[in-house]
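Chain nomenclature is as follows: A, B, C and D, assigned in order of appearance, with residue numbering initiated at 1 for each chain independently.
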Amino acid sequence: MTEIRLGMVGGGQGAFIGAVHRIAARLDGEYRLVAGALSSTPEKAKASGAALGLDPARCYGDYREMAQREARRKDGVQAVAIVTPNHMHAGPAIEFLKRGIHVICDKPLTATMAEAKKLAKVAEASQALFILTHNYTGYPMVRQARAMVARGDLGRLRLVQVEYVQDWLTEAAEATGSKQAEWRTDPARSGAGGALGDIGTHAYNLAAFVSGMEPEALAADLAAMVPGRRLDDNAHVLLRYAGGAKGMLWASQVAPGNENGLRLRIYGEKGGLDWAQEDPNRLWFTAFGQPKQLLTRNGAGADPAGQRVSRVPGGHPEGYLEAFATIYSEAARAIRARDAGEAVPEEVVYPTLKDGLAGMRFVEACVQSAKRNAAWVTL
Amino acid sequence: MTEIRLGMVGGGQGAFIGAVHRIAARLDGEYRLVAGALSSTPEKAKASGAALGLDPARCYGDYREMAQREARRKDGVQAVAIVTPNHMHAGPAIEFLKRGIHVICDKPLTATMAEAKKLAKVAEASQALFILTHNYTGYPMVRQARAMVARGDLGRLRLVQVEYVQDWLTEAAEATGSKQAEWRTDPARSGAGGALGDIGTHAYNLAAFVSGMEPEALAADLAAMVPGRRLDDNAHVLLRYAGGAKGMLWASQVAPGNENGLRLRIYGEKGGLDWAQEDPNRLWFTAFGQPKQLLTRNGAGADPAGQRVSRVPGGHPEGYLEAFATIYSEAARAIRARDAGEAVPEEVVYPTLKDGLAGMRFVEACVQSAKRNAAWVTL
Amino acid sequence: MTEIRLGMVGGGQGAFIGAVHRIAARLDGEYRLVAGALSSTPEKAKASGAALGLDPARCYGDYREMAQREARRKDGVQAVAIVTPNHMHAGPAIEFLKRGIHVICDKPLTATMAEAKKLAKVAEASQALFILTHNYTGYPMVRQARAMVARGDLGRLRLVQVEYVQDWLTEAAEATGSKQAEWRTDPARSGAGGALGDIGTHAYNLAAFVSGMEPEALAADLAAMVPGRRLDDNAHVLLRYAGGAKGMLWASQVAPGNENGLRLRIYGEKGGLDWAQEDPNRLWFTAFGQPKQLLTRNGAGADPAGQRVSRVPGGHPEGYLEAFATIYSEAARAIRARDAGEAVPEEVVYPTLKDGLAGMRFVEACVQSAKRNAAWVTL
Amino acid sequence: MTEIRLGMVGGGQGAFIGAVHRIAARLDGEYRLVAGALSSTPEKAKASGAALGLDPARCYGDYREMAQREARRKDGVQAVAIVTPNHMHAGPAIEFLKRGIHVICDKPLTATMAEAKKLAKVAEASQALFILTHNYTGYPMVRQARAMVARGDLGRLRLVQVEYVQDWLTEAAEATGSKQAEWRTDPARSGAGGALGDIGTHAYNLAAFVSGMEPEALAADLAAMVPGRRLDDNAHVLLRYAGGAKGMLWASQVAPGNENGLRLRIYGEKGGLDWAQEDPNRLWFTAFGQPKQLLTRNGAGADPAGQRVSRVPGGHPEGYLEAFATIYSEAARAIRARDAGEAVPEEVVYPTLKDGLAGMRFVEACVQSAKRNAAWVTL
C-alpha cells in the first residue's frame, strides 16, 4: 500500500488543529505529508515546513501557488488538508478542487453561506472528493449507535438531546492574547456563529449522523455571556423533526467544569442511547423494559459498523485522534477507489459537502431565529 | 420531645406516595400518624387505617368529617398530610387550614390555577402553616449547592440547565391498568400539565431553590409522544432570567433508560455546579480554572447548610426518603415554633405556598406558550 | 399492627451508631423505643432518655437493672438494641436473652472469643432471637446479588474480591479527642482487631452473605500504619475456599479519599457481579460474553429478593438507613413469628449469632496469621 | 526531522501487538518502518511485508539474516521492534544489540530468567539502547501521578493497591483456536507466568513506576481456574516495601465483565491517588481532609510531566495507542541523543532493561512463593 501524498494549508507553528490533522493522517499509515502552505507569512511557512521535514521547495507561502505548482508535479499532492480559520476554507478548497486534488477540510464549511454556495458549485463540478472533518463521526461507538438506530433498535425516534459544552471562554480570553479565542470570537474570521459554528455544528452533525434525521425547524436563543464578546458563546436551540420527533441542542463555551462535553442521547418508541465523547469507548443502550446495557468498543455486543473502524481490543481506550484518523482513513479508502475509477465501497462513511451545507444552514437558521426572538425557522 | 399528631388524606392501600409520606413523617421521630381519611371509599379507608394500626374511630371516609371531628378533639391532629391526586389537594387543604391545622401537601399545588388561588387565600388567612413537599429540596447537597450559590461561589449566574427524565410512560401504561399512569395522564385529575405537572414542577422548583432566581419568561414546546395521550409526556422549555441568565428545562416520561433522572447544572462567571438525584450524596463543583471537586455529604468541604439536614457520615448514602423526611422535619421545627408562638428559626427551610403558586404559574405559562407555537410567555 | 416495644443499651448523647439504630427501628414503623440504659453514667442516661422522650422511670443507669425491671413489667421491652462498644456487647446481651428478651446487637459480636462463646451458649439456650446488625446485608441489590449467585447466574464461583476502605484514621484521631477513634483503637474495648473488627468483619460478612461460602483458610498481613496505634488500621487478607475459589479482602482506615468504600466483586465460571455501598442502588452484572448490565433497585431485571425489602421506585435512591432498617424489619418479622409460636417465614433473612461467631473467628484467624508472618490459618 | 529507520521482528498477519507497535511508531512521526522479519514462515513474512508496503528485499524470513544484512546497509534499520511471543525476545534482541541497533522490545523481557540474564549482559555491553514497552507508563496522567508522588503530594507512602483484571480467558480459549490464548497459556512460549507474565508484570511495573518503590518481599497465591490450563490465570499477591509500606496486586484473566481493568491506587500519610486505564485521562487525587479532585489531562491542575507527553486539549480523550506512542517517542528522543553522542535529556522517561529484569524477578518470585504455599519471598 502506497501512502497518499498529502498537502496542508494552514497548520503552521502555534496552530492547534493542524497538528491534529497531521497525526490523524499518518496514524493508519495512509498518507504522507509532502507539501504545505502552512502559513500566510512566508518565513513562518518555511520554518513550519522545515520543522516537519518537508522539502523546502514544497513549502509555499501561498495556497494558490501551491495548488498551481503541485498540480503540475508528477509527484504532486493527491489530497490537501485545509486547516485554516473558517473564512480561509473556501479559497484554498476551490483552488485544489478545480485542479482535481481531493480536499479534506476542517469544519465548519466556510464563514459565510455565500462562500459555502460558491464552494459547493466547484465541488460538485470536480472529479475530486470533498471531505469535511466532522471528526466525532469517526468514533466506533458513534458508528455503532448509528447502526443501531438504522436497524430499528430504538424504534421510531421521538427525542434527540444533544449538547456540546466547554468552559474555556468563560472569561474574555480573546482579550488576553489567546489566538484560538481571537479568531473564534471574530465574525470576520468565524462567520455568524461563535460557539454555534465552533462546536454547535459538531453537535448538530453528530445528532444528524446518528439519528439519520435532519430537523425541519428550529428555534434558537443565543447569548454572548461575556461582556464585549461579538459572537454567541452560548446557544439554546429547540428542534422539530418531520414525523413529530423533537429535540434540544445546547452549545456553550462558558460552563465552568466542562472541557469537551459532547453528549448525545436519542430515544425512540423502543429504546434509548446515550454517548459522551469524554468517555467514547462506551455506549449506553436500554431497550425499554430491559436492564441498561453498557456496550463497549470491540466488547460483547459490539456492532461491525464500529468494529471496522476500531484498532485495539475492548478496554484499551481509543480516543479523539483515533476517531479523527478514521475520517482520514475512510477518506483514503474513498480516494483510492475514486482514483482507481471504482465505486467507493458502501460501508465507507465520511462527512461531505452535504454535511457542511447542513451545518451552515443550521448556523444561519439559528442566527435568524435568535434575531426574531427565538421564533421557529424552517431548515 | 413529643411527636406531632399527624393525619393523612389519601394514601390508602395501593397508593404510592402516601407510604412515602408516612415513612418521611416518622423517620426523624417528629410525627405520629393518628388519624386518616385514607380513601374516599369508606371500606377501603377503614381497612387502610387498620393496616396502619389507627384507631378505627379516627379512620374517616371523608376528609370534611375528619377535619370537623379532629378539630374538636383535644388530642386531634395538629397537622395533616395531603397525598391525593392533584385535583383533590385544594379541597382538604382548605378544610384543615380553616381550622388552624397545619397542612403538608404533595405537589403540584392543585390541578387548576383557580383552585390554587382559592387555596392561597385561605392559607394566607390561616394561622396554620402550609408546606408543599418539593422533596428534592431536602437533599443535603442541594442545600449545599444553594448555599454556595448564595454566597457567591459561582459568581453572577449565567446558565441554569435542569432536567427530569423518566421512561415509565414510554408506552401507554394508562391504557393497561396502571393507576399511577391513569390519573397522571388525565387532565381532570392532573390539571393542564402531564409530565410538566408531575416532574417538570420538581425540576422548576429545584432550579429556583438552588439558583435563588425565578425566570422572567419562558418558551415551551410540549408533546404527547404516545398516541392518544391527553397530556404532555415531554416538555422542552427555554428560560430567560432577569439580568441575562438563560436556561433550559427538559421534562420527559418517555426516554427509555431513565428512572428518575433529575439533574441540575448551574454556571456562573466564576464556577459551575452539577448535581443529580440518582447520585445525591455528591456534588460536583468547579471554580473556573481550578480542578473539578467532588464534594460529598458530610465529607471534606461539606457546608453547614447541608450538614444540618444530614444524618449519617459521608460515604453512607442517604436517599430519597431521607430528603423527604427532611421536608417533614423542617416542617416540624416550623410547626413547633409556630405553635409555641415563636418565630421559625432562620435556618429552617421548606417549600411553601409561594413555591406552589410559582409551579402552577410555570405549568400555565408552558401550556400557553405551547399553544402559541412556543412563543415567549412572561412569568 | 402494633409496634414492638424496644429498649436500647448504649447510644446516649454523642454516640453515633445509637441514633442510626433508632432511625432504623422506626423507619418501617415496626418498633417503638420505650426504655433505655443509654449510658453507664446515670445522669447522662437520664438526659439522653429525656431527649428521646422516654418515660424517666424507664431510663436506667445500668443494663442489669433495666433487664430485671423490664422483664417484670407487663409492658416491658420485647426486644433490646445493644449499641455499646464491642467489649460491652456480651454482658447486656446475656442479661436480656436469659430473660427471653430478643436482642438486636451491633457488630462485631464481642471483643473476645471467650465472651463470644459465653454469649453463644446463652443465646442457644434462649427462646429469644439474637440478631446481629450486619447492616449491609439489608441493601436490596445485595439481596439480589445473593439470589443471583444462589440460582447459578455466575456458575461455580472462582473469585471473591472484597474491600472496605476508609480514610478517617489516616492521622492519629485517637490522640486528638475523637471518641469514636479512641475506643476503636483500644484493644480493651475493641478486641484484637482494629480496622479488622470495625469494618473488616463487615466486608467478610458481606462476601459470605452474597457468595454463600465461608473461606476455609486465610493468610493476613496486618499493619498499624499510624505510629503509636495499638490495633491494625490496614488489613491485607488472602482467602481460600473449598473447591478452589480464592479471594482477597482489604480493610483500611488510612486510605485518603475513601469514605465508606465497601465493594464486593464476585466472579464465577459464567459471570461476574460488582456492587459498591456508596452507589448501592445499582448492581453490575455480566454474563460472560454478553454486554455488561447495570441492574437497578426496582428497575428492569430486579429480583424479588431485593424488591421485597425495597420501599420506593427505581431511580429514587435508598441508602444506608433503609438498609439498616431492613435488618430491623426482618428482625420484626422474625420476632412476631417467634412470639406467635410460628416458624419464621423462609424469605426472612437477617444476620445471626452464626455470622457473629464467623466474624470473631475471622478476626482471630487474621491476628494469628499476622503473628506468624501471614501464614495460612484454617477457619 | 528525519524519521528513524525501524525494523520489526514478529508482527506478521494475524498478530495483534505488531500492529499496535507500528501505529505507535508512526503516530508522532518519529519512525518509518523499512524492514522486517515479520514471521518465521518465509512466505508469511513476505506477504506481511508486502501488505505493509515494505521493499521485498527487506522482508526477511529470519531475524538473524535481517540483523546481519541490515547492519551492513548504509540505510539499514537504526532500531528494531521485537513483537514476538516471550520466548522469542532474547534471541533477536541479542542479535541486534550486538550490532549496535537499538531494540524496542515487547514485555515481559523474556520467557526465562536465564535468557533475561544473557540478554542483560549483551545489552549492558552494547552502545545501543534497550527499551521495553511497558506502555502504560506512557499515559500522561500516569506521568502526573508519578510526579505528584515524587514531589511529596502524598507524603510518605503507606499503601499500593494495583490490579489488572480481564475476562478473556474465562473459558479455555486456548483449546478452541485462539492463537493469542495458545501461546500465552503455553509455558514453553510464555515462561513460568501466565496472567502473571502477561498482565501482572504490567501491574507490577506501573506500581513501581508511579510509587518510585520496588517491594522487598512478596507472597503469592496463584491459580489456574480453568481446568487443564498450564499456567496461572489468576494471581493474588501481597507486597511489602522497605519502610513499612504494603500492597496488594491482583492479576486475573478470568473475571467476567472486565476488559482491561488496570487500576492503581496509592495512599500516603498526606493523600491518595486513583487511576484506571479504562478512563485514562482522569486522575483522582485527595489531599487528606480536602475535597476529592478529579484532575484531567491538560486540564486545570495538570502537571508538566503529563503535559509534555500529551497531544490534544483536555476533554479530548487520548488512549492506549497514544500512550504506546509515547514510549516510542521517548525512545526516539533517547535514540537521537545517543546517536548524536549526547546525553539523553533528563525529562525523557522510558522503561528499560532494569524494568524488564524487575518484572522477570517478580514473576519468578511469585512462582517460588506459590510453590511454597504463598510464603514470603525476598525480591
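What we mean here is this: a residue touches a chain if its C-beta (ideal position, glycine included) is under 8 Å from a C-beta of that chain, and two chains touch if they have at least 3 such contacts.
Here the structure is a predicted model, which is why all the values come from computation and not from measurement.
At the interface between chain A and chain B, two copies of one sequence, more than half of the residue numbers in use appear on both sides, so the contact is built from largely the same positions.
Chain centres here are means of the Cα atoms, and by that rule the chain farthest away from chain D is B.
Between A-C and A-D, more C-beta contact pairs are found at A-D. Chain A and chain B have centres, each the mean of its CA atoms, that are 43 Å apart. Between chain A and chain C, the centres computed from C-alpha atoms are 55 Å apart. If you average the CA atoms of chain A and of chain D, the two centres end up 34 Å from each other. Shared interface positions of chain D, defined as residues touching 2 or more other chains, are 258, 285-286, 292, 296, 299.
Contact residues on chain A toward chain D in their complex (touch as defined above): 1-3, 16, 19-20, 22-23, 26-29, 51-53, 166, 258-261, 277-281, 296, 299, 311-322.
Against chain C, the residues of chain A that register as touching in their complex are 285-286, 289-296, 299-301. Chain B meets chain A in the complex at residues 154, 158-159, 161, 167, 170-171, 219, 221, 223, 225, 234, 236, 238, 240, 244, 246-248, 250, 252, 254-258, 265, 267-274, 284-288, 292, 373-376.
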